[in-house]
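Right after this note come the structures.
Next, two complexes with chain A in common: one pairs it with chain B, the other with chain C.
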Partner chain A sequence: MTEVDERNARGFSRRALLGAFGAGALTVAGAGTATALVVGRAPSAHPASAQYPFHGAVQQGVTTPMQRSLHFAALDITTTTRDAVITMLQRWSAAAAAMTTGQPIGGTRTSTGGYDAPPDDSGEAMDLATSGLTITVGFGPTLFRDVAGHDRFGLAGQQPSCLHELPHFPGDQVDPLISSGDLCIQACADDPQVAVHAVRNLVRIAFGTATVRWTQAGFGASSSTSTEQPTPRNLFGFKDGTNNIMGGDQAALDDYVWVQPADEPQWMAGGTYLAVRKIRMILETWDRTSLREQEGVFGRTRSEGAPLSGGDEFTTVDLAATGRGTDPLVPADSHLAVAHPSSNNGVRILRRAYNYTAGSDRLGRIDAGLFFLAFVRDLDTQFIPMQMRLSRSDRMNEYVRYQSSAAFAIPSGLRGPDDWFGRALFEATA
Partner chain B sequence: MRSHRTIAPIIGAGSLVLAFALTACSSTQAGAGAGITVTSTDTECTASAVTASAGVIEFTVVNSGTQVTEVYVLGADALQVEAELENVGPGISRSLVAQLEPGSYVISCKPGMSGDGIRTPFTVTGTASAPATGAADQRAVDAATQEYQAYVQDEAAALLKGTRAFTAAYRAGDDVGARALYAPTRMHWESIEPVAESFGDLDPILDAREADLAEGEVWTGWHRIEKDLWPPAAGYTALTTAQRDSLAAGLVRNTAALVERTASLNFTLDQLGNGAKELLDEVATSKITGEEETWSHTDLWDFKANLDGAHRMFTALRPIVEANDPALAAQLDAEFADVTALLARYRDGDGYVSYMALTPAQVKELAAAVDALGEPLAHLTSVSLLGRRASS
Partner chain C sequence: MTEVDERNARGFSRRALLGAFGAGALTVAGAGTATALVVGRAPSAHPASAQYPFHGAVQQGVTTPMQRSLHFAALDITTTTRDAVITMLQRWSAAAAAMTTGQPIGGTRTSTGGYDAPPDDSGEAMDLATSGLTITVGFGPTLFRDVAGHDRFGLAGQQPSCLHELPHFPGDQVDPLISSGDLCIQACADDPQVAVHAVRNLVRIAFGTATVRWTQAGFGASSSTSTEQPTPRNLFGFKDGTNNIMGGDQAALDDYVWVQPADEPQWMAGGTYLAVRKIRMILETWDRTSLREQEGVFGRTRSEGAPLSGGDEFTTVDLAATGRGTDPLVPADSHLAVAHPSSNNGVRILRRAYNYTAGSDRLGRIDAGLFFLAFVRDLDTQFIPMQMRLSRSDRMNEYVRYQSSAAFAIPSGLRGPDDWFGRALFEATA
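What follows is the complex of A and B.
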């Protein structure tokens, strides 16, 4: 039995989470409220004015229906002063609250310092709608301990046991310069300029306290986190992540995504963990691969996304079904079979992946792929064993290269205007 | 080692029935009946049209039943298989392409894959393009697969012989001699890589790169020895004599096992076509990037071996390709010649210059040539099997 199963057996649930937050007026339901914004609408019909509540028991940008664009940044802290980190997180919280509700940083004025001061807000989002902007902030393992193991800011005693650098997975060709990080910012919006604006202004606030380590832009949401959204296609042309955990599936979210009050450490209750993997897709060789092989790689039909065992996209796959001969219809080394919960002790994850491209590489090939983001309740029991299995036996590995790796703890949501990112962590270590 | 594919087990012998025809007809000529839907239910087999014009006919097979189904296009005797599609799951649609001469045929659906099938007659009208004889077809297929089989066995034997000499030098501490034998010996592996990799148990212990392993796994094989012969400048502990002995013995033992297994392999046309494509993929993804030979930088030797292996598969199939699509055969001749000539510029003595000696512009030029060959080469399987090329 996995750790997650044991937790289930002990009966932790959304109710427990609600109880932990007392009144529970704003709990995971915050996410439910957000989902309601798009009920009955196709994703392309997100209203430009869409806004998701910034304050709530959980951070936005996890169960929020996927927006069309991503701008992701990992930062390294440059200060050695704990108070400077706290001040930055407080300023980030206020700025994020403003931007996600369509307000410029510093209020409506062009500059709080007057005509001879630089504007508070960089300005490029001024005439744009909120576009469903969400801002999600996380803490990397190196915030707690540096690579030599030293406690940097008095936080080491509260480092979650599953928050460590991801291991080397077979076949990884990870570039450390685009991996890891002390902090992360995930900004998602239907307009890429709105997402870039959010990261740009938070980075500006961080100057002197933290510096950008790497960034990644994404487009074309390659996962669906709400039942109103059709499953998008990745750059291989296939639907992937059909069995994703949906924002409305509270039981699955409690089991597999949100850290429960009885989990350790306490300050992470209502939080989640983020696994990041930049997956370069070798599109040129993929495109000259036969449809037979392509469908065998995914275990699904390309047209409908139906499992090769039959049915439509949402039909439960039958991994044991055979045709002529003894080989299963869904190849045992297909992506579908290897990633399936039944191959992973029943474990599930919440995928929130985006496609990416960054022009071309030195060979003139399209530098593109999948910027894979997954949210889980426990990295050690959910993401890492699943990735290990995929890295060992997924037939898709032939056509991909894993180029970066990172893990972050996403603390709980901000309860109100006085709350700030990670307050519970810093208070627990005060 | 990258591939997780297995040329031998992927498609059992004869699972893809050879419906190609050695005819002079144009491969692009579509029958007037193209786009016929065949619906297979648990009890019925229906076609949206019962006649079509001779040529390439595309059937869309729809499995509306509850069981896995198969669809066959049979000759008038209901025995000769002209085309077949198997393993169609319930609810799934799939394309079945057949090249048919005028005459009477039977379409047979076999839900549940048992019994004689549910049959419906089908007529192809028009003019015969050229006489096609099934016996001649089979002779061409046998010639192609036997030619390739002989090549594989020759290469495997050369690999084992070379491996013995290489490991003897390595065990004796003759690093200069071992380094000189490393790349030329490995060429015999790289030339038949899709076959070598098909043995999923042997491939990782013979050809894993360091990055292919998870933490704590034991690293053996060619690339482990490669690192010991071309060690990093700092932070590397040379292997002991006992460790060398063990690695060398394993390399010989497992190579011998591989050679033994290749003796009993039988190949099908699609394996040859797909294998050639896989070899070019290997060049495009692992050799042109310099990621295969991290320590020795002998990637261009591997490049040459992959290219030769692909060319041998094409050569074996060439009479069939020439008959079905002469333009493709000519194009592949030209593209193979281009890549070969380009690669020859980097010859150095009996071998090739180090990958590290290439400029970015030279690497890019090689990559472009590989892509130029890879695209037409990807049509080898369908042209060999069906005499039909995807529209492009």
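What follows is the complex of A and C.
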């Protein structure tokens, strides 16, 4: 056990967690504080042996300092039986608890069924370090009601009002085959093979109950969730996420990320909502654009990420500052200006975006961009109005195409080995 | 400068390399030794600051200990002008020398053309460590003659006899759109963003001269080229490449990997040939197969990678050993038996394969497998007969589909800042 593991284990022993929960002392703020502690302790460059506690009041993989690789999957449920869904979620919970703590599924290297059965675990992560693996599970709107509005599993009465398909935003060129989904799995790890292994094995468990609808791999964390991490760069070459909500900023997390106990529905307390947007970047066009135009698009300098109104990366932007003329130094249609809280009624979001590449298209153009993941307390009041504003006004739109869109409810964390993803939802509808 | 950088810089200063070459003392064996020295010094888990010398008698990225991420691109030349090809190769050489030593292309953070020109470097690796980046460039058969046999750039007289498109192997389901190519770029780094950045910027430089034909990303090195690295696992969950030629095994490298001074053509001395095969793995079928069958397919145990004839991973296999019955313990049609040098006239190859995933297909099946790269001294006597034998007899064929195929000549290394990829070829045909 490494020093980091030991600290995590000391800080987050099962007993301590169960004790806190058992005492009925659970508050979302308290839960968030526990998460923030992990953030504060984890080094910014995760050691290969990094492990994050799987059990807790909130799910891991939201405020966890971003790992370098993502594997994301959306699944559709193929069964009509509520109990089969519950069984799958229970098996997912046990498997996720094992994998995120470096254990193979099934607990041994070979199948519990012996040599004449397939191994429980597909094995490709067998010798690899935990690599900071986190597994986060979410529920899409179609888990509650199918497209005809039918209540599929008796859950419709508990569907959150903000959990619906994202609207069509201006300019969207969304492909439904890589959008939406009944369930989602977000696996993040510093080693891509560890993330791929996690998704593959959860998909295996789902066989007969759910099937993969689409997947997405990502790399090179394109936004920071920890003040100990430098701000990463997206494939436009610019720092991305300078003003992101950090995992240690409990007040902002309570205001903008975690669903609070007073919010409806009750089963979502300690949860959050995930907005997913696959944003292809037209790199060939961008790469032939002058540095002046590029900096105008972002509203920041490329080298340092400083706002064009002056200072360094973390200097507060002055959207009104002008140079010799009357035009603002930060163009009004720059990404910085349009996405700024002051342009969005003070609203903020927690970004957790990854860069992606997927080969080249038939014209030899690189198929690459940003797989944008944002966690918010309410999709209707935070993400959707901000995205609508960006889609209408952001000068960056000239260089990007929105290709997919999805929304998921991320239920609260699992309180211990007997808890499972979404138990509160299924109990509320039993 | 970190300690590792310092050691590399001390051991491989430009002066030392030029001195050795200037003395006319260059032999392929000597070059190999220099490479082996790098291998010996580099820790098995590359530090983020790892750098490999770009200049040397052989290209980097062949015997370099495998990094965790690959980005590979095949390009087609769109110009008909020999000088334009030369200019591009010269610009590639300067850019590769910069990027592999952690410098941006153009030498500064902004364009040499100032704010009103596009930046020379796309910028997304600006704050990232070198991450052990290696860049390797190769020439496909169609660089020498087009499919009609026409000599495109006056190079046909120097086309190596073994450099032709790979034949159709039994069972091949090869897609020509992701096969072949006039040129290839192999970028390997521990950070995928660093590898992606390298390919993207070389493709930018090629604009107007060559265009991307296809690309492939890979992760989780699926074979080892250093005795200091543990043998990695492929997506079947088995160790892969136990008997690989290691970067320090100079005798085997001279016999099976590096083209020797006595070989034809002369310009290939210090070079090697690359065989590329994209092998999709049918994971859903594999995952429902018993451990007994899986181990029979490989001829090895899954947990330790030991041959089924006994011992540990590195025990020499006994293909004749039988158990209680008369059948060999290692099935005659197992991958181990069919690929073994004793089944292939003693031939060996240097494997440098990566795992890949590319989403899921429309049936919800994972699109994943092995991007197989093998370096050999001669394709006709080494790779092709071995692949023919495997395609005919390997029991593993039931679980894989060969989807693409390509062959490239990897010319010798660049001797210094004035050298460039393929200079000996172009000078031999001037």
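Throughout what follows, the second predicted complex is superposed on the first by the 384 of 430 C-alpha atoms of A that agree within 3 Å, B and C clash if a C-alpha of one lies under 4 Å from a C-alpha of the other, contacts with A are read in each partner's own complex, and residues count from 1 in each chain.
Here is the rule we use: a contact is a pair of C-beta atoms (placed from the backbone, for glycine too) under 8 Å apart; a residue touches a chain by one contact, two chains touch by 3 or more.
Treat the numbers as computed from the prediction; the structure is a model and nothing was measured.
Look at A:Ser303: by the touch rule set out above, it reaches both chain B and chain C. When the two complexes are overlaid on their common chain A, residue A:Ala321 makes contact with chain B while staying clear of chain C.
Look at A:Val203: by the touch rule set out above, it reaches chain C but stays clear of chain B. Of the two partner chains, chain B is the only one that A:Glu398 touches; chain C does not reach it. In the superposed pair of complexes, A:Arg348 makes contact with neither chain B nor chain C. Touching more residues of chain A than its counterpart among chain B and chain C is C.
Judged by the touch definition given at the top, the superposed model places A:His340 against neither chain B nor chain C.
In the superposition on chain A, A:Arg288 makes contact with both chain B and chain C. In the superposed model, A:Gly364 makes contact with both chain B and chain C. In the superposition on the C-alpha atoms of chain A, the part of chain A touched by chain B in one complex and by chain C in the other spans residues 284, 288-290, 303, 362, 364-365. Contact residues of chain C toward chain A in the complex are 45, 48, 68-69, 71, 73, 109-111, 114-119, 121-128, 177, 191-193, 196, 200, 203-204, 207, 211-217, 219-220, 230, 232-238, 283-284, 287-292, 294-295, 302-303, 355, 357-360, 362, 364-366, 368.
Against chain A, the residues of chain B that register as touching in their complex are 2-5, 12, 15, 63, 68, 70, 86-94, 113, 211-215, 217, 274, 277, 281, 284-285, 288-289, 291, 360, 363-364, 367-368, 371, 374-375, 377-378, 381-382. Taken in their complex, chain A has these residues touching chain B: 167-173, 282, 284-285, 288-290, 293, 301, 303-304, 306-312, 315, 321-325, 329, 333, 362-365, 388, 391-395, 397-398.
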